[in-house]
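In the part that follows, the structures are each spelled out as structure tokens.
Both of the next two complexes hold subunit A, though its partner changes from subunit B to subunit C.
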Partner chain A sequence: MEIAIGIILGCCALGAGTAMIAGIGPGIGEGNAVAAACQAIGRQPESKGSVTTTMLMGCAIAETTGLYALVIAILLIFVAPNLLVNILLAAV
Partner chain B sequence: MNKKPTLSFKVVDGLLIALAILPILALIVLKILFTPASQGIEISGALIYFTIPMPLQDMPITESQVNSLAVIITVTSLCLYITHGIRAKVETKRQILAEWIVEKVEGMVRGNMGEFFKGFGPFIASILAISAFSSLLTLFGLYAPTSDINIVAGWAILVFALITYYKAICGPVQYVKSFGDPVPLLAPLNIISEIATPVSMAFRHYGNVLSGSVISVLVVTALQGLSNMLFGWLPGFLGDISFLGIGIPAVLSIYFDVFSGCLQAYIFAMLTMLYVAGAFPEEKYALKKQLRAEKKLQTKNN
Partner chain C sequence: MKKVNPIIVKETLYIACWSVIFSMIMQSVFLLIKKWDYTVLLGNVLSLVAGVGNFFLLGLTVQKAVTKEEKDAKQFMKLSQVARLFTLFVICVLGAVLRCFNIIATVLPLLFPRISIMLRPLFNKKSNGGGQDE
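Now for the complex of A and B:
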């Protein structure tokens, strides 16, 4: 029994860690967005305000995929272990 | 001419300020009363204050619902306070502030949504204010309602209803047609992206605020452990104080609570504006209006 519960907890933690590999994508994407915004401001310093606003919007949208992974990781850490252990206990 | 404020004016002012501050104090008292005594710091969801029995399922009244209601009361009374005693000519400081807010929001709505949506100012301003104040509640040590997905999903569903309304403004036939926009083959993808809009809006706001609070708690716990290890040899109660936990988490809080909270409020409002304005079929609506006007003219002539 303890082994089964241990496997459930360990797999949940592993799954949460693996899900956050998705954090690479938004990192690269936001880096590209900020680099392009810096170049644009360097070329046209007078358009700083609107470039910054657009960049923040773009970063927020690029972040979405990472946040999906984060939500899954949070579910795996805080919600899934209780749920799965309860199912196991009910089955036994 | 600058008149001295009368006594009743001052009394109403005081009442409004009290109405803005009292909900926050009440929340702190509630939190202290209901937080279970536990060892150490732990990450948990919203506390459940009480449950209302309902026919299908019991309805829990959680911390996030109570907190967001309190935020609504606070924001409303702050708005009443800064618009109290507003006049056409005499400019007090708060009147300048109120006019500045209204002008900024109207300018933002006009710039992003166009002339047709100029009545959207109050809606956008209230989304901004409630979202920002909800996130800033963490500065008082309270649970931010925006880190509960139920609250944010409610706002996202509201925005989704608005998007659907403006998409279907030319009639249901045009609404169904809009899904097969470039080619009818892409209709399933269009439906998925339509559903993904509110989901991604809710997850974005909630994920950002929640991840901030989770990281803050993790850092505080780690610093506590580290300082126990380093300064644990000090005699008496000095050994229990987490010296490293003084000041360092506050820097994180400036980013995660203040900057990120305000930025997420701004992004939510901005995305609301962009999505609603993007769903509105401007050319078709103008065509429909023109056709209707011509028809009216015809019937009048007949």
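Now for the complex of A and C:
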């Protein structure tokens, strides 16, 4: 029983860690978006307002990917172990 | 202190309004399934403030980044994203560890800004009245 619970906890922790890999992507994506926006504003300074608005929304959407990963990791760490252990105990 | 761009304030207000509406819907769902208590409300408020604050900080970061050089802007955005994600992580952990917060009500409102942004084209289309076809 202890081994089974240990495996459940270990797998949850591994899953949470793996999910957080997705947190790297938004940082790189936002960085590239802002770099491209800097270039665009450099070429056409009068379009700064519209570029900023569009980029703000784009960055917010890109960032949500990281948030999904965060939510899944938190649920895997704090909610899933109790739930799975309870299911296991009920089954036994 | 540098002045905050009015576009960022406007967009943050838009996100905040929709997040409050979605929070009300979430509270109603908790009431309907008879799982509502003060922890749901507290978790929702904590997460709502964190989500909208995160968007506002993103706006401030973007405002500052567009004034920098290309490479510096890239680094600045990456650093800001990591810092904001870590802050949200701490808030989620608080919501999960402290008994005065419901974890589901703490985690779900973080996704409301994305839903608000997804809804935006629908309302823009209606307000434009199909003028884009011409």
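FYI, the second predicted complex is superposed on the first by the 92 of 92 C-alpha atoms of A that agree within 3 Å, B and C clash if a C-alpha of one lies under 4 Å from a C-alpha of the other, contacts with A are read in each partner's own complex, and residues count from 1 in each chain.
Here, contacts are C-beta pairs under 8 Å (C-beta built on N, C-alpha and C of every residue); 3 or more make two chains touch, one makes a residue touch a chain.
These numbers come from a predicted model, not from an experiment.
By the document's definition of touching, of the two partners only subunit C reaches A:G49; subunit B does not. When the two complexes are overlaid on their common chain A, residue A:C38 makes contact with subunit C while staying clear of subunit B.
Contacts of A:M57 after superposition on the shared chain: both subunit B and subunit C are touched.
With both structures placed on the common chain, the touch criterion links A:V71 to subunit B and to subunit C. Annotation for subunit A, partner touching more residues between subunit B and subunit C: C. Look at A:G27: by the touch rule set out above, it reaches subunit C but stays clear of subunit B.
For the contact definition in use here, the residues of subunit A common to its subunit B contact set and its subunit C contact set are 56-57, 60, 63-64, 67-68, 70-71, 74, 78. Remark: subunit A residues 23, 26-28, 30-35, 37-39, 41, 48-49, 51-53, 55-57, 59-61, 63-64, 66-68, 70-71, 74-75, 77-79 touch subunit C in the complex. Every residue of subunit B that touches subunit A in the complex is listed here, in rising order: 43, 45, 200, 203-204, 206-208, 210-211, 214, 263-264, 266-267, 270-271. In the complex of the two chains, the subunit C residues touching subunit A come out as 5, 7-8, 11, 15, 54-55, 58-59, 62-63, 65-66, 68-71, 73-78, 81-82, 84-85, 88-89, 92-93, 96-97, 103, 107, 110-111, 113-114, 117, 120.
Every residue of subunit A that touches subunit B in the complex is listed here, in rising order: 56-57, 60, 63-64, 67-68, 70-71, 74, 78.
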